[in-house]
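Please find the structures below.
Next, two complexes with chain A in common: one pairs it with chain B, the other with chain C.
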Partner chain A sequence: MSTAAPHERLLTRHSFIELPARERARAILDADSFRELLGPFDRLKSPWLPLQGIVAQSDDGVVIARGRIGGRPAVVAAIEGAFQGGSIGEVSGAKVAGALELALRDCERGHPVLPVLLLETGGVRLQEANLGLAAIAEIHSAIVALRRRVPVVAVVAGMVGCFGGMSLAAALCSTLIVTRQARLGMNGPEVIEQEAGITELDSTDHALIWSLVGGEQRYATGLADALVDDDAEAIAAQVRSVVEGVAAPRSEQVECYLERLAHIDPANPPEPRALRALWAREDPDGR
Partner chain B sequence: MGADPSLSGRGLRWFEALTGLEGLLDGGPRTVRVADSRLGEEIARFIAVVADPANRFPRARQGELGLEEAWTLARQLRRTVAEDLGARARAIVAVVDVSSQAYGRREELLGIHLACAAAADAYASARLAGHPIVALLVGKAMSGAFLAHGYQANRILALDSTEVLVHAMSKQAAARVTRRPVEALEQLGERIVPMAYGVRAFARLGLLHGLIEGVNAAAPGADDIERVRRELAAAIDDARAGARDLAARLTSPAARETRAASIAVRRRLTEQWDAP
Partner chain C sequence: MEVFNFTYRARQPVARRVHVGVVGSGDLEVLLEPSVDQHAHVAVTTSVDGFEAVWKIVLDRFFSRFAGAATIEINDFGATPGVVMLRLEQAVEALRT
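Moving on to the complex of A and B:
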């Protein structure tokens, strides 16, 4: 899990972050294996956005692609951060949940399919509120069921980041890959400021926000498994390297985290830097 | 543990009404109440998250689901599964009245997303292990707190009360994020079913197993409690007889109408899944 790119690689690097969702999915899958499901021509759009005067998009901001990863059958669900902030509505959520459910069906039939989630999302699409939340619960359910049969990989590359109910989805995956441009948090800064006041969090203080929820901090405190450069091939290689024998999922390490919390004084919480020392990964190559 | 006068809220009232304060179990902060109580022919495990104005985490003092609450839910659920290993998987009832996840800077730093994921994971894992889980909505079922406490249940029941609310975000925060006045949001909710906050609108989405009408949700009497216990027992039987996944949420007449797109997406995905 090297984080430093050799100098010569910098010259040939191809940004992953700059790619739209469809090209991100293509970059993760083996060359020429990309096959999109429910593409734009299927015209499965949000039935709810036009009712609110918002133009729907023909893929609802999620690309589902079958293909191969390292020669093995795979499915990639890539969220398009540029459409409605990558928000999860009824259709986009059902695409992700449905793809995971079919991967689970195939795994149960003895035909493993590797699922990869490319997450760029603010969480529930508020224009479809309860149907987005319901879809996210179904996504969580599918990840938990699937994870015991095959590694479920999530990538948060940036620049939208991964928030709301989908931050739980990221945390449920077997392996979570982030870049320095990623942010991963449950509540968006604006919402925290609204709910708890500006003294709790100033949503315009970007340096503070990155120090709390940025990819580097998440990796350094063991809340992400790999920190990679913004390079399409480096990210694809990291995904390919996730094979069998993934450690016990973080979300199952209940006693470890309760013990860690017991040592936290909420009146005097650690600064982000200090938490890196407190929660440092014991093994530099893993959790 | 026993009755604790410093705790409050609808979730606590219903938890105490349904369990009679018997069989309270220890194992974490007092905000996560757990008790075994008879329900029909069996003993069910009841779990509620309640408000504690003295919570050591200040952002979780008004019934929010905080870091310790979420991780403790995970602990209690995993204990339940472990205790029943090799025996009949006990029914689990999640009594839901949670206003939100805790919003705070220390919560983000310390991974409130992972804590809530751990609770959702533990519920889903218990369900997959064969525990019939019923969520009973008696107050607020909001956002990430509902994802962590209740939304992974096999069956969801709700009291028909104006105080029972389901949504992805509080009205004030949703107004700010969507840059609309609160009144405009409320009007939209009347027109666009998934945007409404009230439980009757939620029932139209087809996600509920049942809406329990005619019960005094704020101050339940003996008949109300008995009625809800019967509904819970029936939902548990139904869950035991059904699948261990959440597919039942797409089969009701209401779901076939309001979640038609969710069903269509799955049908077309299945058709296109294998290469032609």
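Moving on to the complex of A and C:
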């Protein structure tokens, strides 16, 4: 731990959140090992957005890159949160699913590839509806197949967060890394307010939103595995530290989570602080 | 959404291709690559209708200083003329480095 003054540490930090998807992928991979697959000049765009009068992006908002992490072969799928809220359409979803399926094939042939997902997404792209949902289902099944052979790492850094079907993808991964700025949840705050009313949730109350679905809360309640600063090198180091044989995935610990839910009264739900006590991590002094 | 095409006379070839930017709010992406002939060809797709004249002014100014025979694809999501010019200049800078 550095002994420099807090403001000096802040100044020497390289924000990961401020990086676009391509630079995020580059930051996670070992220096000079980044090699993009299906890049912008392959022009694998959404065929559906222009039909609805929406400008498409040349990579459909997903960057797939091969390279190395800590010297080991890796593949990174990075979602660009600035394009259509990082939404998953037919093409962007197929790029992620395809990358994971090829990594699985390599693992099955005895050539392990470490898959890393950089998730910045509101979930399915509503303009592409079922085609996006089908792709997300393929991503889910690829993660479940892959995690039996190699740790599947997800990073939610912010500021979009990770919602909808892709929050399920994050939850299926072997290791989930978050920052304090991250948000992780099924329905986004705006959607909850729109559907259930402002008395249910005020989506403009940032302190409330982050206390419910923010990275720190998700980590404190054991729903994320690591809480790191918004620093590209710190996040890359955390990804590198993931080793073989991580704990059983949360989605396989069904009894444990049913037991946890049994202690919650939906008519009188606990406050975020109380939930931390109720669902405390086993290593509360971890951070 | 509107699509415009512009052509400019070029004097020197472009050696490689570069990509900058993102189709995010108030931003745009630029794909620049060697042209097939002695001209620069620009295809603009923009989310904001009714600004063809402004696009022409911005591109006229850009090509008064840039003479590369490039095919340029612009996918715009409501960038201001200043941001458009910055992204184009960023692409030219990336071409040189």
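The working rule: the second predicted complex is superposed on the first by the 272 of 287 C-alpha atoms of A that agree within 3 Å, B and C clash if a C-alpha of one lies under 4 Å from a C-alpha of the other, contacts with A are read in each partner's own complex, and residues count from 1 in each chain.
The definition used in the following text is that a contact is a pair of C-beta atoms (placed from the backbone, for glycine too) under 8 Å apart; a residue touches a chain by one contact, two chains touch by 3 or more.
Please read all numbers here as calculations on a predicted model, not as lab measurements.
*Asks:* Which of the two partners, first being chain B and second being chain C, lies in contact with A:Ala196: first, second, both, or neither?
*Replies:* first
*Asks:* Pick one for A:Leu168: touches chain B only (first), chain C only (second), both, or neither.
*Replies:* A:Leu168: touches chain B, not chain C.
*Asks:* Would you check which partner chain A:Glu120 touches, where first means chain B only, second means chain C only, and both and neither mean what they say?
*Replies:* neither
*Asks:* For A:Asp225, is the partner it touches chain B (first), chain C (second), both, or none of the two (neither)?
*Replies:* A:Asp225 sits against neither chain B nor chain C.
*Asks:* Regarding the shared-chain residue A:Gly188, is it in contact with chain B (first), chain C (second), both, or neither?
*Replies:* First partner only, chain B.
*Asks:* Quick one: classify A:Glu80 as touching chain B (first), chain C (second), both or neither.
*Replies:* second
*Asks:* After lining up the shared chain so the two structures overlap, which partner does A:Glu101 touch, if you call chain B first and chain C second: first, second, both or neither?
*Replies:* The answer is first: A:Glu101 touches chain B but not chain C.
*Asks:* Counting only touches as set out at the top, which of chain B and chain C does A:Gly53 meet: first, second, both, neither?
*Replies:* A:Gly53: touches chain C, not chain B.
*Asks:* Enumerate the contact residues on chain B facing chain A in the complex.
*Replies:* Residue list for chain B touching chain A: 28, 56-59, 67-68, 71-72, 74-75, 78, 100-101, 103-118, 120-122, 124-125, 127-128, 143-144, 146-148, 151-152, 166-170, 172-174, 176-178, 188, 191-196, 202, 205, 207, 245-246, 249, 258-262, 264-266, 268-270, 272-273, 275.
*Asks:* Sort out for me which residues of chain A touch chain C in the complex.
*Replies:* Touching chain C: residues 20, 39-41, 50, 53-58, 61, 80, 82-84 of chain A.
*Asks:* Using the touch definition from the top, list the residues of chain A that touch chain B in their complex.
*Replies:* Chain A reaches chain B through residues 35, 37-38, 42, 44, 46-48, 51-52, 64, 66, 90-91, 93-95, 98-99, 101-102, 123-124, 126-138, 140-141, 144-145, 164-165, 167-172, 184-188, 190-192, 194-196, 200-201, 208, 212-213, 221, 223, 249-252, 254-255, 257-258, 261, 264, 266, 269-270, 272, 275.
*Asks:* Tell me, which parts of chain C touch chain A in their complex?
*Replies:* 1, 17, 19, 22-25, 27, 29, 31, 33, 45-47, 73, 75-77
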